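Working notes, structure below.
A, B, C, D, E and F label the chains in the order they appear, each numbered from 1.
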Amino acid sequence: MSSTPAPRIDGRTPQQLRPITIERGWSKHAEGSVLISFGDTKVFCTASVTEGVPRWRKGSGEGWVTAEYSMLPRSTNTRGDREAVRGKIGGRTHEISRLIGRSLRAVIDYKSLGENTIVLDCDVLQADGGTRTAAITGAYVALADAVAWAQGKKLVKAGRKPLTDTVSAVSVGIVGGVPLLDLCYEEDVRAETDMNVVCTGDGRFVEVQGTAEAEPFDRKELNALLDLAVGGCEDLAALQREALEATR
Amino acid sequence: MSSTPAPRIDGRTPQQLRPITIERGWSKHAEGSVLISFGDTKVFCTASVTEGVPRWRKGSGEGWVTAEYSMLPRSTNTRGDREAVRGKIGGRTHEISRLIGRSLRAVIDYKSLGENTIVLDCDVLQADGGTRTAAITGAYVALADAVAWAQGKKLVKAGRKPLTDTVSAVSVGIVGGVPLLDLCYEEDVRAETDMNVVCTGDGRFVEVQGTAEAEPFDRKELNALLDLAVGGCEDLAALQREALEATR
Amino acid sequence: MSSTPAPRIDGRTPQQLRPITIERGWSKHAEGSVLISFGDTKVFCTASVTEGVPRWRKGSGEGWVTAEYSMLPRSTNTRGDREAVRGKIGGRTHEISRLIGRSLRAVIDYKSLGENTIVLDCDVLQADGGTRTAAITGAYVALADAVAWAQGKKLVKAGRKPLTDTVSAVSVGIVGGVPLLDLCYEEDVRAETDMNVVCTGDGRFVEVQGTAEAEPFDRKELNALLDLAVGGCEDLAALQREALEATR
Amino acid sequence: MSSTPAPRIDGRTPQQLRPITIERGWSKHAEGSVLISFGDTKVFCTASVTEGVPRWRKGSGEGWVTAEYSMLPRSTNTRGDREAVRGKIGGRTHEISRLIGRSLRAVIDYKSLGENTIVLDCDVLQADGGTRTAAITGAYVALADAVAWAQGKKLVKAGRKPLTDTVSAVSVGIVGGVPLLDLCYEEDVRAETDMNVVCTGDGRFVEVQGTAEAEPFDRKELNALLDLAVGGCEDLAALQREALEATR
Amino acid sequence: MSSTPAPRIDGRTPQQLRPITIERGWSKHAEGSVLISFGDTKVFCTASVTEGVPRWRKGSGEGWVTAEYSMLPRSTNTRGDREAVRGKIGGRTHEISRLIGRSLRAVIDYKSLGENTIVLDCDVLQADGGTRTAAITGAYVALADAVAWAQGKKLVKAGRKPLTDTVSAVSVGIVGGVPLLDLCYEEDVRAETDMNVVCTGDGRFVEVQGTAEAEPFDRKELNALLDLAVGGCEDLAALQREALEATR
Amino acid sequence: MSSTPAPRIDGRTPQQLRPITIERGWSKHAEGSVLISFGDTKVFCTASVTEGVPRWRKGSGEGWVTAEYSMLPRSTNTRGDREAVRGKIGGRTHEISRLIGRSLRAVIDYKSLGENTIVLDCDVLQADGGTRTAAITGAYVALADAVAWAQGKKLVKAGRKPLTDTVSAVSVGIVGGVPLLDLCYEEDVRAETDMNVVCTGDGRFVEVQGTAEAEPFDRKELNALLDLAVGGCEDLAALQREALEATR
């Protein structure tokens, strides 16, 4: 790892996030909705509340949270087929939907939520790397708004706090030997190692998914990446709080 | 038909469009892209150019234009299932995708386009009635930008005009006995008759699709609806031209 | 539009239907069944009555009518793939099934039908243009027989009339500048404009679906087509009544 | 097995076929087409010739014959779901399609057919037992007409005989202890043993498929059934020849 | 048929089975499980007991038995596609699953089984001809163990015998004019006629499925094949009993 | 974390693997095949070599390695639906197939492999936790045998080493506050944190996938899990080498 790295493609320092914007209330229908940008990556996140839970959970007194992720066909540089047209969901879509769902469930107190279900839809309008981490970070804000809505509607019992913490996610990777935070697409395709880290607001880990794209990575590299990611998630948590404190 | 109708739910006159906005360049990847709003209905339209044509058209020297329409799951008041998750596309989605494709092809000169394909993706971000007509109207603008891009890239031979005219669409309907232009959702569900009309810039018809929702309609009502629709399409054509003349 | 048009490919005048035959009772199992021919177009229509309605309609006291359209693989000049083998229904099939369903529902009084469902299956045995209009016209006769059967079985309360009118459909189009009624396949492929019109027995419109195949059409052409269609539907309504009055 | 059995439900003797009708030329499009009835069972069989063979057979100089079987939704007493709507073909349909294909291929000389493909579509319009055997018997006649058509078009080399024999099929079963030929539906559901036998014109076997529905069957019963079936196929072969000798 | 046939490819006499092994208790989870080998053909059979029956059988007091067959992708000489990946089950798989289910149901007394369901999963680990017959033969042993388990758990009423007999299956075929028992793959591909026979322990037939692969077969050949098969099934029934008498 | 943990459910120490067995040559057809057991978890891994590569890689001179994972329906305690029957592959299956593929590709030198494809099929015969890690560990051995086979067949150029290292995988988790290696099912369901780690033979990481099942985990816990996993992978690498050195 070089100590004085060359500036990044977009001029950022290695430990710098892209410009992040979080616009709440982007849908008039959804109970919570956010348009989040990590640089040129834009994800539209909605949180839909329905009373009741899936059959296997009925009568438990506990709620459920799940997520679906999708990319619009032309969110990427070349147009991809629509999964609805192909008639099946690809492995990557499945994998990310599951990751988002698990990440959000990590900060949900099912008992406090009561027998309500919240579905998070994360649709990528424009992709430039880090779509899954933007989706998790944005979905949290939509979820918080949906939970507040449910509390306002008395669907959640008074005095209960269905959310136990905030949750955010960021990608990190080693590019040209240098650990970098929040990779854009061009960095991502050149990364030797790629990692997505999901943290709660108190700095603990919900998910750590590191993959050697070219060369296996050693413990020292892994540690450097984790350090970067924890810092990035801290910054994102602050931005989430700021967005939620703003009056819509 | 009453001569002095009560004001509409949103205060419009019977022959008045909702506020229309057309934002070009909404995607950094697509060759043409537009976010169009008809009131609270918002459709994101991208036009993707690829060299070459489907197999059945190879060697013809002629291009092709096709469209895919979809609604985000929470674009509506209650969340709908994702068609990709259900593993099949519903009849309504098929029907509208085909309508959009036919409408745009009506103003394409295949020979001038040469063996290039343009796919129009129309994804409804928020629905409040008239999603198909907004999609057609927005897709035209995205298509025009994509054609211009292809001309810039010399994919289209110099001196050729792949677009023969503009095309736009609007819904009309009879609500409480009164013919109205550009129905919002609340009007749409109460309409006795519902019609979608697609016109070229010169005021001729590309598609006329009228459906009796409650009572069959007579020739006089049909004529009143056609009059309204032709006027609405004229207004939309002006807005399209204005949007395309603006510097992006 | 020429005033003294050349005779049509099969010798008909512009406002003449092809030979129409309506054979009732073509199935020993179905509650209503018809083999209808519009010239060489042959559609087998069955009406199946079942007690009860789809889940979303239970307890409403109202019935339901729906339709499924399909073409046998070799009903056309070259064999088409079976949709069951491809594992999905194409857009055109969906579109026509929905059109048939809507058309027949236009003459149903749901309350009088009571909580019964009638499914209309329209299978094209041989196609020569106008399959959807033959299907609607034949399905009405099958539906009428099925309703009579249900009345005989006391599924429908005494004194109720579930059918409010007859319904029939015909295609019209502009071929070589001349508006023609009831296009056969060879005319259909050459038509500049193609329109399907569904009328009730009292001459009002249930559906008007006009499409510019080559050139957009103007209001005068539209009016000429509507005139032709209304006349054709009148003739078809007379043939339907005649068929239903015959003793089976 | 009783020696003086009670008359059958429709008055036939145990070794008697139902009334068989074979109408050729039932489709104006298909190269061969037949509407065949075994009593109330009616199957519409078309044979479609296309030049060329599936990819795995290209360059072999040999042809191919395949079949697809389907039941119209209301061909049976209660309406069945359309397989195209369910999005998959059921096991029974697959099984019968494969049986028909194998049966017809048994009388095809692939070399003489040359690199041509014939697809047999067998669509059951009305079912009353024995639909697969009617389909095979009818498909043979449609195939013979299609082969003659191909010979007329010089797709088949002069002097070649692509058909080596006729082929027909019949069901047999043991009902109430009595072996019966050509079961109708009411007999079929009560049969203890059910067998479908496919024979060539020279009386040899192409397929023998016997299934114990209630009780296992012994060798003596098996022999009685085979005797009946061979006789029935002989009768059917005579009817096939007669139909083919008639001038269409 | 030659009277002094050349020895078979693996040195067997025409009426000799391949080495058969039946290993019970191959799964720690399933109520009954068997790894069966017919020479190099290895099929893993599990029997899964669940309380309750499919909806259409509820309240009947009777049980149900069904089967699913599948080949691992590399059970064959060249790798086949996974049916789960293709998204549909092929005709051959359907056909064999249905055959296995019918065969096992032939020895089940539904009333004695009570409202319990047993699913037989037969997964081919290695294929060398005769996978369906090995599956049936092995599935019977797994079924017997599952029934014993259900009796031990008192799911089956005391004194009831859900199994009425044993059932086994074997393939026979005519290869080079010689009728042979239990074909291995190399014999199978060269067979002129191929037959699968399923017999109960008392020597009666449950299924007889003979197919002419090359030439139609005559009655004498059919009889020779049936003789061979009956003998083979007798041997297999003895091996099944032996396996079940062994202490696991 | 407790310093003197209670013995594990099966008596192991926290850093002890379950008994591991690796049987090579378990299929007569596949170029490489292994039955691997991690305690009661048994996975059958085959490696299938085909000349050529997927279309997108043609002409690159480089090979390809991919994997498919599946569980037999009754590999688990209660029977699961077959994915082929449901007609789609679930998210978990997709996710694990992709993980196995990536893991094995990490030790492949595509250039040395040349334009050959190796497919790894990992079918779980019996599941007791850790099926994906057993699959990766076994698939490596099957892959090594397949590569050796390809070298023997001269599909790989002399002097080339397509495998750059070994690769193995193990699960670790925190159960009752204690970090444990190689969780069995009962430990897995009780784990607060669950991690799968894939290492090369030189101790570097290919994949690190940690998930908080109940509570988020901190950096100290993460480090303890990584230490355990690295030790476990070292032991597995030794067992892989031992298996490959044995004469088959």
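Following the convention adopted for this analysis, contacts are C-beta pairs under 8 Å (C-beta built on N, C-alpha and C of every residue); 3 or more make two chains touch, one makes a residue touch a chain.
Owing to the predicted nature of the structure, the values given are computational and were not obtained by experimental measurement.
Novice: Starting at chain C, how many touching-chain steps does it take at least to reach chain E?
Specialist: Step count on the best path from chain C to chain E: 2.
Novice: Using each chain's Cα centroid, which is most distant from the centroid of chain C?
Specialist: Greatest centre separation from chain C goes to chain F.
Novice: Determine the centre-to-centre distance between chain B and chain E, using the mean Cα coordinates as centres, and give it in whole Å.
Specialist: The answer is 59 Å.
Novice: From the C-alpha centre of chain A to that of chain F, how far is it in Å?
Specialist: 28
Novice: Distance from the CA centroid of chain A to that of chain B, rounded to the nearest Å?
Specialist: For chain A versus chain B, the centre distance works out to 33 Å.
Novice: Identify all positions of chain B at which a residue touches two or more other chains, and write them in rising order.
Specialist: Residues 87-89 of chain B touch two or more partner chains.
Novice: Start at chain C, step over to chain D, and keep going round the ring; give me the chains in the order you meet them.
Specialist: So, from chain C then chain D onward, the ring reads C, D, E, F, A, B.
Novice: For a test of understanding, state which residues of chain B touch chain C in their complex under the given definition.
Specialist: 88-92, 94-95, 97-98, 102, 106, 165, 195, 199-200, 202-212, 215-219, 222, 226, 230
Novice: Under the touch definition given earlier, write down the residues of chain A that touch chain B in their complex.
Specialist: 27-30, 33, 40, 44, 46, 48, 50, 68, 70, 72-79, 82-85, 87-89, 93, 119, 121, 123, 125-128
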